[in-house]
Every structure is written in C-alpha cells, then in structure tokens.
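Common to both upcoming complexes is chain A, partnered first by chain B, then by chain C.
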Partner chain A sequence: MIFKLHYIVFTFIIFIIPGPVLCKDIIVCPDCEIRSVKEAISQSANGDRIIIKKGIYTENNLSIDKEIEITGEDFPVIDLEFKYQGFIIKSNNVKISGLEIRNISVNYMTDLSAIKVENSENCVIENNVITDTFFALYLANSDGCLIKNNKISCRAMSESSSGNGIHLWKCNNITIEYNETTGHRDGIYFEFVKKTTITANYSHNNLRYGLHFMFSDSNVYRENTFRENGAGVAVMYTRNIEMTDNKFEDNWGPASYGLLLKDISRSLIKRNLFYKNTTGIYMEGCEQIQVEENEFKSNGWATRILGNCMNNKFTGNNFVSNTFDVSSNSSRSENIYSGNYWDKYDGYDLDRNGTGDVSYRPVSLYSMIVDKVPESIILLRSFIVELIDATEKAMPVLIPETLIDDNPKMKMIEYD
Partner chain B sequence: MNIIILSLIVLLACSKEITPIEYGKDQCEHCRMTLTDKKYGAEIITKKDKAIKFDAAECMLNYIKEKKIEENDVDKYYVINLTEPGVLIDAMNAAYLISPELRSPMGENISSFADKNTAEKYLNDHGGVIFSWDELKNKFK
Partner chain C sequence: MNTKILKYILFELLRNKFIILYSLILMVMSFSIIYIGQDSSKAVITILNLILFIVPLICLIFGTIHFYNSKEFIQFLLTQPVNRKSIFRAEYLGLSISLSLGFLIGVGIPVMFYGFLLSGMYLVLTGIILTFIFTAIAFLSSVINKDKVKGIGLSIIIWLYLTIIFDGLVFLIIYFFNDYPIDKFIIILTSLNPIDLGRILMLLQVDISALMGFTGATFQKFFGSFIGMAISAVFMLLWIFLPLAVSLRMFKRTNF
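Entry: the complex of A and B
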C-alpha cells in the first residue's frame, strides 16, 4: 500500500508539477558565469527568470523573443552608452522590473527607446528607473500591458531632439499608473490607442505636452498631475474620454494651455483642478462635453471656447481669481452654463436659496476686445476697461446674448 | 536701363520669402499643436505675404479642404523635405510617399521628398504608395 502511495505521488510530481519545475533562474552578475544580459537572454527559454545583480552592464539591442521575466536586484545599471537602443520585446508575457536603464542614443530617423514593445500582449514594465532617454518606453501594436511605477527622466534641450517618455501607438487595454516622466518632448503620448487607463501619474517639466492624445477613443485618465509643461495637455480628434480628478498646474506661456481640446466629442471633464495656467481649458471644435465640478483658480483665461463648439455643458464649476472666466471669438454661444460659482458675480439673493436672482454673463466686453486685439491687454485693470465692462453689463449689446448662467451660485461650491 | 533696374526692384519687392519653421515655438494653424518633428512640416505663403505654418502636410491639405483659406489667396505651398530635416521645398514639385512605416505627426503618414527618385528609394525600403501633389490633393477632397 505504501509502495502504491509513493507511486501515485511520484506520477503526480512527474506529470503535474513539471511546468514550473523546469523553469529556471538565470543569475547575471559582474563576476558570475554569465556576465551579460544578452547572453542570459540567449540561454533562456520560455518561462525562465533572469535575475540581474547590482553592477553596471554596457549593452545594446537586447531583443527578447521568449516569454521571460527580467528582474534587477538593487537596480543594476544597463548603460546603452548612447550607442543605440535597449530592450526590444517581441513576444507575449514578458516582464521587466527593477532595472536602471540609461543613455539612449538620439536618432532622427528611428525612434530609439529604452524598452520597446512590438506586437506583444500582456507585458509588464514595472519599477524601473530610466534616465537620459530619447524615447523611454515605446509600445507599438500591443495589447494588455501594464506600465507601473517607472521613473523616467531626460534632459532634453530642444523639442525636436527629444522623444516621448511613454509613447503608445496603436495599442489597446494598456494600464499606465504611478509613473513619473520629466524632461521629454511629450510626457505621455497616445496615437490610435483605445480602452486605456492612465492613473496617478506625475508628468512635469516636459518641453511640449505633459500628456498628448490623438485619435485615441474611449480612454480614461484620472488622478494625474500635469505641472509646468511647455504647453500643458493636449487632447485631439478623439471621442469618449473621461478626465477626472486631475491637476493641471503652472502651464505658462504664449501657446500654453492647462488642457487643449481640439475636435473632441462626448467626453467628461470632472473634478479637475486648473491652477495658474495661461489658459485653463481651450476648446476648438468640441461637442457634447460635460464640464462639471472643476475648480478654475488663478488662471489667465479660465476657459477659452471658440465659436465652433456646440452643446457643451458647464455645471457646478468654481471660477476663482481668474483674469478672464470665459472668452470666445464669437458673439453666439451654443453652450450651456448653469449653476457655477463666479467670484466676479455681484448679484443678490433675496430669497436666500443660494442661487443668485440675477443671471450672470461671464464674458466681459474687454475679454472680447483682447481676443480681437491682443495688444489691448496692456489696458488690463485700467479705469477705462472697468468703465466699458460696467456699461456693457448694464446694457448688453456686444457680448454673447446666449452665453449666460441662469443659476449662478452665491457661495463657492464645496465638493466632498 | 533705368526701367530694367526699376523692374528688378519691383520684382525683388514682389518675391515672397519662405519663413523658416521654428520648431518648438511655432504652432500648427490647423491642429494647434506645437511643431516639433523636423522631418515633417508645411507652410503656405499667402499673396499678402503671410506665412501659415503646419506640423504636417496632412494638416495643410485639411486646412485647404476645409476652406479655411481660398486657393486664390495662396501664393505658394511648401513642405519639408524628409531627407533634409527643417528645409522647406516647393510642394507642387515634391514627391509624396504614404507609408505606414514612416509615421507623420498627424497620422496620415505622408512624407515628402524633393524628387521622385528619393521617394522611390524610400518606397523600396518601407513600402507604401507614391503620390504627386495633384494626386494627393485629390485624395483630400
């Protein structure tokens, strides 16, 4: 009987366990048998794990066509010495974590990167430090990947000689969270990307945009912080975007926007903070966007809505200490404003229901003049400007008739 | 003689100069993006000598298509030569390659070249279809 039990256990081990047992760990360290990552990759088979110990490895062009995991211990350095690019992942289920990759070469014809993922599924890129990049993470034609907790920095001098921090092209179902990107052309760049979630990233001091979306429908981005980017965040030619709980801060400059929206439809912008931007939200060719419960504070223009925007709804937003709250280049407005708090509102509330009894027109005549003659900004806060604004408020003739908030709030709206 | 000099002066005064694109500073008139990729870009010089800049040939073509400018008002069209980043060439005499391997900033993958031979060289390496200016304009109608 005992013999029989042993026999069963033995068969169990042979037939059930073998998968994981056959996978091996390959150790790479400066004085090990295997001293280079490239050699380790060539010796590995599907399911293996390569563990890289602390040290500096000068390598290039590490092509991965097997389902392996590469992990670093105490952040070993993969130094590309500005010669070419780093890892190129071409198979599914690859995981790269715990590495420091640095010195990626700048090249105008090829988009060189620290880690490139091509035509793969379910890759994981986690806890890496990538410095002195051209492109850092470049995903093309890939699906279901996770990019988490990477710290990416670059010291690009000019926009044209720099690449993007996290660059996605034709990808689906990617999760990007808790990354930090700085010093690139665009911190995070999306082109033809669908069903992707971007959460809690910090993208700052990039030369152009903190985040740049193009032709990328049905994506969600929430709880990110975009700070001091050359031109803020740009979302273009896209539908069904959800932008919630993000912070857009300190994007100053002649062509800078907290959020630049161009040809966007059916999207939600909720509970974001726009603080100290030249323009908080700039909208051109936008339709059916809900702008709800956002806070616009200390911006030059809180919102600039061009005449070709229709059926957008602004409700429950706080407009505080902005130079201009709403500006438009058109005398018509097809957008709805209701229940916002405007700190410039000077109406009264006799029935004490919290809503002003007189409706409010947030566009000032002077903002329209500035829109047509930018130089007139020199008259800002002058007596003449206050005079024309007061006159126009008393007898509106030139400001958009339909751009009106019927239920302006008396107090700043509190969000929980 | 005087007439020749005078006419020369008049001619010189009329010739419209290309304004070079300042990458990292200029904004595309059509899509509002800041221009960064030196391999791509386009420019319209109007008869009033105004330069309108674009980040890619497709933006210029869409701008024309959407009639944001009357074609009668245009003096000349320019595009960037892919092989000489930052250099503008006459758009009407340029050769164009649409290849999925050469990704242009606005997703239409149009690259422009000074002559057809270079375009064909890139066609061999990257695949795609070659267009002339007129063919390309028809495509965007």
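Entry: the complex of A and C
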C-alpha cells in the first residue's frame, strides 16, 4: 500500500511538476544578456514568457510564431522609428501586455500596424500604449481574442494617409473593451466581423468615424462613448446588432452624424444618449430597428429618417431641446412612433394617465422646408416660421399624415 | 452735451409708470418661462422670441408717444439758450437708457438668477441693442410726422415690416432662387434687418448643432467668425446712427 502511494506521488512529480519548470522567463533589458526583443522571441519556445524591462528598444518586424507571452514592466518603449511595423502574431494563445509602441510608418501598399494578428486564436492584447500610429491594432481572420485597456493615439492629418485605431477584418468572437482611440481615420473599424462584443470604449477626435463597420452581423456594442469624431459613427449593411447604453456626443459638421445607419436591419438601439450632434440618428434603407428609451438632447436634427426606411419602431424615447425632432425627405412614413416624450408637445392630459390625449406630429412644416431648401435655415426661430408651423399644426395638409405619435408622454420618461 | 437735461429726462422717465410696468411684465414673463421650462436652452429660446417680438414694439410705440408728449417740454427748452442737437440727444439717450434699464431689470435679473451665463449675456445684450435701435427709429417716425396718430401708425408699420413681412420676403426669395448660390446674398439681406441680426447672433448660442448642417455651416462660419461679428456689430450701430442722424437733421429744421 505504501509502495503504491509512493508510486502515485512519483507519477505526479514526473508529469505535473515539470510543466511549469520547462516554461522559462526570458528577461530583456538594455543591459542584460538579451538586449533585443527580436532575440528574445527567437530564443523562446512555446509557453515561455518574455519580460521586457524599462528602456527604449528600436526594433521592427517582430514576428511571433510561438505561443508566448510578452509583458512589459513600467511600459518599455518599442520604437519603430517610422521604419516599418511592430509585432506580427501568427500563432495562437499569444499575449502582449504593458508595452508602449510608437512611430509606425505610413505605407500605401501594406497596412502597417503596431500589433498585427493574423490567422490566430485566443490572443490577448492588454494594457498597451500605442502612439503615432498608422494602424494600431490590426486583426485579420482571427478568433476569440481579447483587446483590453489599450490607449491608442495618433495625429492623423488626412484621411488618405491615416489608418484605423482598432481594425478587424473577418474575425469572430472578439472582445474589445476599455480601449481609448483618438486621432485616426476610424477609431474602430470592422469588416466581416461576427459575434463580437464591444464594451466601454472611448473613441474620440478621429478624422472620419468613431466607429465604422460593414457586413458585421450579430455584434453587441455597450457603454461606448463616441465624441467629436469628424463624421460621427457610421454603420452599414448589417443585421442583428445591439447598441445599448452608448453615448454619441458633439459630432458637429455638415456631414456629421451621431449615428448613421445605412441598410441596417433587425437591430436594437436602446438607452443611448445623443447629445449635441448635428444629426442624432440618420437612417437610410433601414428595416425593423427598435429605437427604445434613448435620450436625444440638444441635437440639430434628433432623427433624420429617409423615405426608404420601413417598420422601424420608436418607443419610449425622450426628445429634448432639439432644433428638429424628426425630419424626412418623404411625405409618407412607414415607421411607428409611440409613447415618446416630445418637449415640443403642447397637448393636454384630461384623464391624468401620463399620456397626452391628442396625438402629436413630430415633423414640422418648417423642417420639411429646410430639407427642401436648406438656405431657409437662416429663418430659424423667426416669427414667420413660428406662424407657418402654427398654421400647419392647426390644419395639417403638407406634413406626413402617418408620421404621428398617438401616445405622447406628458413628462420626461425616467429610466432606471 | 447738456447733462442736466439728460439727467432730468432720465429721472422723469424712470419714475414713469409705464416703464416700471414694462419692466415688471418682462420680469414676470421671464421668471415664469424659466420656471415652467424644464431645461435652460429652451427657456432662453422662448425668452428670445419674446424679446424679438415685444422689445421693438414697446420701444417704437412708447418712443413715438413719448416724443409727441414731450413736445411742449421741448418747445420750452428751445426758448432757453441750448442748441437743438443737445436737446435731441438728451431726449434720445434719456429714453433709450431708461427703456434699457427697464429691460435689464426685467430680463437680466431672472436670467442671471438662474445662471445662464453666456447665452443669457447675449440675450440681454441683444435686447439692449434692439432697444437703442428701435428708440432711434421711433424718433425718426415721430419727427417725420407732425400728426401723432400718423407717427404711431408709421411706427407700427415699421415694426410689422421688420418682424414679419421682411422675413416673409426673405423666405420667398430663398424659396424661388434656391437653385442659385444665394448664401452670401442672404447673409447680406438678413444683415439689413436688426431683428434678424439679433436672432441670428442668439442662434449661434443655442441652435449651434442645427446650424452646423450643410448650408447652416456657411452662415455659422460667417456670423460666428470675428469678421462676421464685427460686420453685424457695424450694421447694428448703423441701425442706431442712421435713423438718428436723419431725424436730428429734420429736428433741427422743424418749425415748432
């Protein structure tokens, strides 16, 4: 019996303990034995960990084809000196964290980036600072990666000579959270990306879009903030997306939208805040989108819904202090508005059930005129405009007959 | 200038029941608008509409009536060794300053009380400039007409023209000529109306998001820039000094 117990313990020692012993830590620092990251990578084997100490490392083209972990201590700087690109991850289970990568070269032939992930699974890119980028994080054909807590910034001058902060192409099941991207062409860019969760990112001051995706079905966007981007957020040709608790703020300009939706269907937009955008939501060719419990505040146009949108449902939204609440280029509307709060509503509520007794038409004649003759915006808030709107409201002839909220709320809707 | 006359006219007017009433009404309205309105920018807009509507009307009507009523006083002063220019100036300044004070108390206090700093300041500034402009116009219309009823009639017509008809005409022009690049023309056209100028300067504060749209951006660029501000200020001042200069000329020649 005792012999048997010894045997078991022995087996344990042989098979279990050696595992971690075989995986070694490789330390890189400016005055260590190994002074370059490239050398460390070439000496490493699967399961190793490379620890980079504080210092400046001028390197390029660090190709990783083993399952290793690269960790920086006190943010060592990998300076690419505008020569080429940084890490290229080609194997699964790679982790890169705690690095500062800077000065990525602009190239019109290849999409150079600080960290590129190609055809691999389960990589983790965490707590990095990436500055002066072309592309920062570039994931292609990869699965199950985590991109977390990276600070990415760039000072892009023109759209043609700049790349994207977080760029995903043909990926699945990626988690992107708590990142900050600024100064790129697009803050976050997806193409053919499925089942991905994007949480609590902050994308601001990008030249074009804070978030831009196409053909990326079944993704979830939560608690992100998109602020002061050149053209706001634009998403196209996609189904089944869920956007909740995001903030779209301060996107100003002639072609600037809080959220531009083109050919989006069967999606949910819930509890978002649209604040001080030229246009809050712009919809073109959209179907079956539920717009619920959002707050539209101080926008120029809260929603601009083109005539080719059908069966979209606007319920329980708050429209406050917008110059125009709803505008459209068509005199017909196939969308449903119900139970929203409109601050311009002047009806009454005799039975005191919180819902106005007269229905509300959110499109004003003047907003239609502005749509047709944009120069007439100069007459905004003038007496003649108020007169026109009041007359039309009393006897609606020109404003869309079907665009009507039958249950307008008397008080602003509170969300918990 | 004779400050004694100005002082006398000013104190006389400040004790005038009408100006106190004007101030009180403005105050009650502003307070109630701010109190009822749930958020500040909407309240500012409503007060703006009120100002653009009421201030020109009151200044025109009250200015005209005041001028006719003080005709005997002016005649009395003219028998004294003071020149006509200083009498006219004292009359104008006395009236516009007292109306501005009334406005400042009526709107300024509620606005400051609820702390709309920047937009509130613009609001008060717009109101005061409009007061000065329309008092000048009131004097012009009362100097032109010897008959009191005709003078008041002219004032009302001017008010009607500048608040409603002018915008209607601009609207028509925009509507019919929108195939042409008329942005700049419209900027010039609206600068010709002090009420529109005041309104647009306020829009830059409260409706900035909408003005950033396609065409709005052109207007915003112009009126929001320093040059645009300077030009609108010059136009506003012209609206004060041109009517004043013309009416002073006529006042000097009037045979009382």
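One rule holds in what follows: the second predicted complex is superposed on the first by the 405 of 416 C-alpha atoms of A that agree within 3 Å, B and C clash if a C-alpha of one lies under 4 Å from a C-alpha of the other, contacts with A are read in each partner's own complex, and residues count from 1 in each chain.
The criterion applied here is as follows: a residue touches a chain if its C-beta (ideal position, glycine included) is under 8 Å from a C-beta of that chain, and two chains touch if they have at least 3 such contacts.
Treat the numbers as computed from the prediction; the structure is a model and nothing was measured.
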| item | value |
| --- | --- |
| Which superposed partner A:Leu207 touches (first chain B, second chain C, both, neither) | first |
| Contacts of A:Lys262 with chain B and chain C, given as first, second, both or neither | first |
| Which superposed partner A:Tyr108 touches (first chain B, second chain C, both, neither) | first |
| Chain B versus chain C as contact partner of A:Ile377, first or second or both or neither | second |
| Touched partner set for A:Gly230, first chain B, second chain C, both or neither | first |
| Partner chain(s) touched by A:Trp252 [first = chain B, second = chain C, both, neither] | second |
| Which superposed partner A:Glu284 touches (first chain B, second chain C, both, neither) | first |
| Touched partner set for A:Leu387, first chain B, second chain C, both or neither | second |
| More chain A residues in contact [chain B versus chain C] | C |
| Overlap of the chain B and chain C footprints on chain A, listed as residue numbers | none |
| List of chain A residues in touch with chain B within their complex | 108-109, 158-160, 162, 169, 185, 191-192, 207-209, 214-215, 230-231, 234, 236-237, 255, 260, 262, 282, 284 |
| Interface residues, chain A side, partner chain C - complex | 252-254, 256, 276-279, 298-301, 320-321, 323-324, 343, 369, 373-387, 412 |
| Complex interface listing, chain C residues touching chain A | 38-39, 41-42, 45, 48-49, 52-53, 163-164, 167-168, 170-171, 174-175, 178, 182-183, 186-187, 190, 196, 199-200, 202-203, 207-217, 219 |
| Of all residues in chain B, those that touch chain A in their complex | 23-24, 27, 31-34, 36-39, 85, 103, 106-107 |
